[in-house]
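First, the structure itself, so that you have it in front of you.
For reference, chains read A, B, C and D in written order, and residue numbers begin at 1 within each chain.
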């Protein structure tokens, strides 16, 4: 029995999971997600860790490996850190063993990660800093349009004539959107337009790392945005030699934390086999 | 953000003003592309080489057809397909930051290497890298070699860093020509080198060069009968490309000279895609290559405002002839070396500044406009200093716009128009100020 | 009387300036930019008219100076007028909010939400007079900002008390404000003045004795028609301005001319607005000789400070003063607006002090601006700083430092009305265009 | 803490090297020049100049590799569009701000169009300084490229002799070659040591020590290298669970020190790199007998590093130097780090990647600028690379 915690510190949210791995069987014990909202992420990490422990009715000393990922390199109580592409890859395999790529879309970033059946990262590509396709940008626009987060996907799917955003800079893209509103473009068409241009950028990432078939698991917070997932499917269907199936999972937002916990358990077992048991600080 | 207006030029108007030179050039290009794309059937061998420092006369001595990747990139730009080629190359792992000529070429290869006539380009039998005036050429040919796995010849042209051609440079180049370039061309082509044949071609070159210079210098007149940048780009086509040293080129430049002299005699201005240009209001010298993806739209921003370009540096990238240099049959190899050394981008920055100041002076221009090209460090690095220096020396205003050769993503029409309009207004105001003072 | 209107439709704010025939500014108006450009332009120019009206009152009332303290009087009148305006928009907002409460999302909670809204608006109305009391500090002068921040505060409390999700009330507001602010302003200006005057005369005993005289003079001033003789518009995103081509001038030219009008010896102009930074060189006639501006990238512009303010949960005008407290600015190289928040968090987590980071951010903005200036030809005496960011004292401090270090002693001009520079230039272009039309030649 | 034979600790050496690195006014070089009348300082940019000739004239060769992340660039931006790399603008800034006012000459080597054009700009901006574009052959035959190069070297030798007022003799040159041979040997020893025990010679330390060679008189630098090597050998430091990588592409504009540190922090030991190539451009000793210029020329033609600024005449050889470096240092992967907008590095990259792919060597790539502040994406990529090598090693 190996109990491992995964703590994924993002730019906008902290996701935490607790797993028990026994003879290759992975049991998800508990989970917790919280928004950072201008608080100190290092303190919140503790809060989140306590929350998953309480949920699973465990004590800190019951946990064999505390793995951080995302911006958690300096969490004082971790045993080890894995980088987010490593953990999202593993998380994607956990959520759907058929995944051959993970597409991690979060508040400020997009990453395409090509993986093998064991969750090994084969290659990857990240959106450049300037890409306007990020969760934060979508969130700002939705606020501006007076649309609640859970409405985004629904509205986007009602679009009949989407209008594409051209600026690469998210700030200037906001102006683009305001220009659209001023030209009388409807909210569904604007949202769908944003979704489509994000999708185009993301599928270009996939293509450039050679992901052209198999299952692409969307992870990160934007996996919950069905409008974006639909736009991705649509965009990919237009690309001649791309035959990937895009999927998302209700637990996609936990992918990083899942991967961290599972790698943590893996690493613990490997080191334990070498008689080299690590200790969480 | 910017709504790009598509300028549809009236095909009718264009037909109406087709001159003999234009017809001739079209015909030459079509024949050339047909010969290239049927090289496989005819058994013709193909050499790929660059515009600056291209050794067309020498290539012809070995019966090679000359295929110029830069010219193909330009064609792709004008036909608006370069954008997708560039993207293709970026998907293949080429950086967004590097020269789009290269990426357009690589993308074109990846997408089947289709020539403007719709047929497939032949693979080159030899890559003749006359490495002149730009480092990118070197990497470009290494990339092509990786693809085609064919023989590659490097002709290294030293840079005129101190503003002069030294004996060491000439010796080095002649030695490369004699001991590397010519023997390899002989080997690949199976044709023995005949220096008299070379002399013959060089003689023809210099004849066409005389006419070209005459045409470009007609722009000293007021009004200028030509636009030496937008129009000039068409005029340099044959001599910078695959035709220098041919009878076709001699004919073309004779026709062209006659037409331009005729316009000069009649006091007419340049011909534009929308017919004759209106009143000449501003005379400009332009530094830097043009944008090809929105070439017409860019040009229109000039002629709509009465701005005519009277001299440009871009029309000197394939050879600087207006200060007296001609290909000289009397010293065939040395003349080729001098030619390569003297092309515009192989000149030091102080030399380039001198040239521009000289143009502003001799062509009585109102100022300097720099079109700075994102792709091209050879041209662009240092242009802001050049601008200030020219302004300082001539007292004429200068302006700076930015675009790219064949990447449509870097042509921001609204921005450029904004700048040009402000610039023309500035010239106007300066003039008003000057005449008030006089 | 003839007036010439210049409108600068900025990315953040829309500004209007009213000039008279003698090239004198009679009114300034500003509002937040919004998706309906025509409305933004209308609101700004109406604000400029209001301001113009006060100029006229001032002119008219100068004679009445013996009767009343002019400044106090106009101050009171203006506040009364602003309150009147605010309450009117608040009504509109309430109606709009109530009309949003329908459909499936609200099916179960509609009546609760309606009650909550009623309570929120009751509180808003109740505190409104205090917002416009003498000496009161408002977060901003725009309805969207004032109403928004107060709404958030009240809604959070009311929602908690009523057990409603706060997000729901927030969303109702977000949906409504966009409608409200894009509706063109309703009602006659002079009517609002009369109401404000009435409210004031009723409540200010000091002026009661002179009421009749004052009323007469104000009526005289109100009867002067501020005729919009010629209008010129400029601004960010010019392509879609709600004016026809001959009424549009490039923002660069407007800024150059405007700066020249404010400070005739100006040779270099720096304008930092919400999304653009411009470096402009002008000659002795205010003609633009050279310029540079950012395109494609909004790094280091005003919005950057906006993101930082949001991230720190502070008002824009509070950033400068906090940064001024630092004596060891952090070294910051990236001014990407989008990643501003991330950079801030990064540094806070490394233990750097807030004021030092802020000071560093201000310096970074200025360095970026100076690099644009230097690309346009450098700094030449005199130097004029315009745009919204010129209101930020920390940015001004860093600018002075950087210029001194690199260009020596240079006169640096900052007009309190510097945000109106573009609009001022536009108004002057309008005046010249009218003169040109009048005597048949190009101005 | 262990100490070297003469007692220095690594921390002492590093503190000195760091101080030299941080000094944007080149105080040490200024002191050197002021110490004796007639001394002159000749600046040079990447990628290679024969420092022996400068040294032979009794001058100090001063390597200038931009301004790093601490220099505020105010004027430099006025000379360059946004799509040109950082190093020329920070170099112009150093010049315009007077930080190079003690430099008597500048050499601009043949590396790319940007530095090539900068040579002309320097002539215009600083007309009283000797500035020279230093061309090198792209033809590697002794009788063609070799002769050309000997003549270029002779020109430089002549010019510097004029600057000194006395021609440079063959013996002076031979002596300088000996001095630099020794310096290069030590730099190579340091690299070899690091490849063997990277935890004992962290990349940032090696970088600082080698970089000191750009501003110090060569004799002092040789001593510094010796001290550091001895101290680093003697000092036991903990070995981390890191993978081993070769860093390539950073041969001109320098990555910020924090980037080099970030690589190791995120799990990658740097076991070879192409930073500051001038210090080991010539891969073996230059012959000291016979005609010194000819010897320098032969070394350049046949025993110098491969990099993007050179033409590779043989398609089969293209990129093999990188494969060899990986094998030699037992590296597990390659990190391509190129300055943004660096044509040579970025055009070369896909070709090198093809070679690595064929050789089965994993790699990643990213861009940087000398003033990059955000290390998060770098850590992320290097970290993922390290993770995947670590988790899957032997799998």
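Note that in this section a residue touches a chain if its C-beta (ideal position, glycine included) is under 8 Å from a C-beta of that chain, and two chains touch if they have at least 3 such contacts.
The structure presented is a predicted model; accordingly, all values stated were derived computationally and were not measured.
Give me the set of chains touching chain A intersected with the set touching chain D.
The common neighbours are B, C.
Starting from the mean Cα coordinates of chain B and chain D, work out the distance between those two points in Å.
Comparing mean C-alpha positions, chain D is 36 Å from chain B.
Nearest whole angstrom, what separates the Cα centre of chain A from the Cα centre of chain B?
Averaging C-alpha atoms per chain gives centres 49 Å apart.
Could you work out how far the Cα centre of chain B sits from that of chain C, in whole Å?
Here the centre of chain C sits 50 Å away from the centre of chain B.
Two-or-more-chain contact residues of chain A, please, as numbers and ranges.
Within chain A, residues 129, 167, 172, 175, 179 contact more than one other chain.
In chain D, which residues are in touch with two or more of the other chains?
78, 374, 376
Return the residues of chain B touching two or more other chains; collapse runs of consecutive numbers into ranges.
Only 1, 93, 384 qualify.
Which label fits the chain touch graph of this model best, line, ring, star, complete or other?
Per interface graph, the chains form a complete graph.
If you look only at chain A, which of its residues touch chain D in the complex?
That would be residues 71, 73, 81-86, 118, 120-121, 124, 126, 129, 263, 266-267 of chain A.
Okay, in this complex, where on chain A does chain B touch?
Those in contact with chain B are residues 166-167, 172, 175-176, 179, 204, 207-208.
List the residues on chain D that touch chain B in their complex, please.
78-81, 83-84, 88, 108, 110-114, 116-121, 123-125, 132-133, 135, 137-139, 141, 143-145, 147-148, 151-152, 155, 308-309, 311-313, 315, 318, 338, 340-344, 346-351, 353-354, 367
So in the complex, the part of chain C that touches chain D is made up of which residues?
331-334, 339, 342-343, 346, 367, 370-372, 374-375, 377-378, 402, 405-406
Which of the residues in chain A end up touching chain C in this complex?
Result: residues 11, 38, 40-42, 74, 108, 129-130, 134, 136-137, 143-148, 167-172, 175, 178-179, 181-183 of chain A touch chain C.
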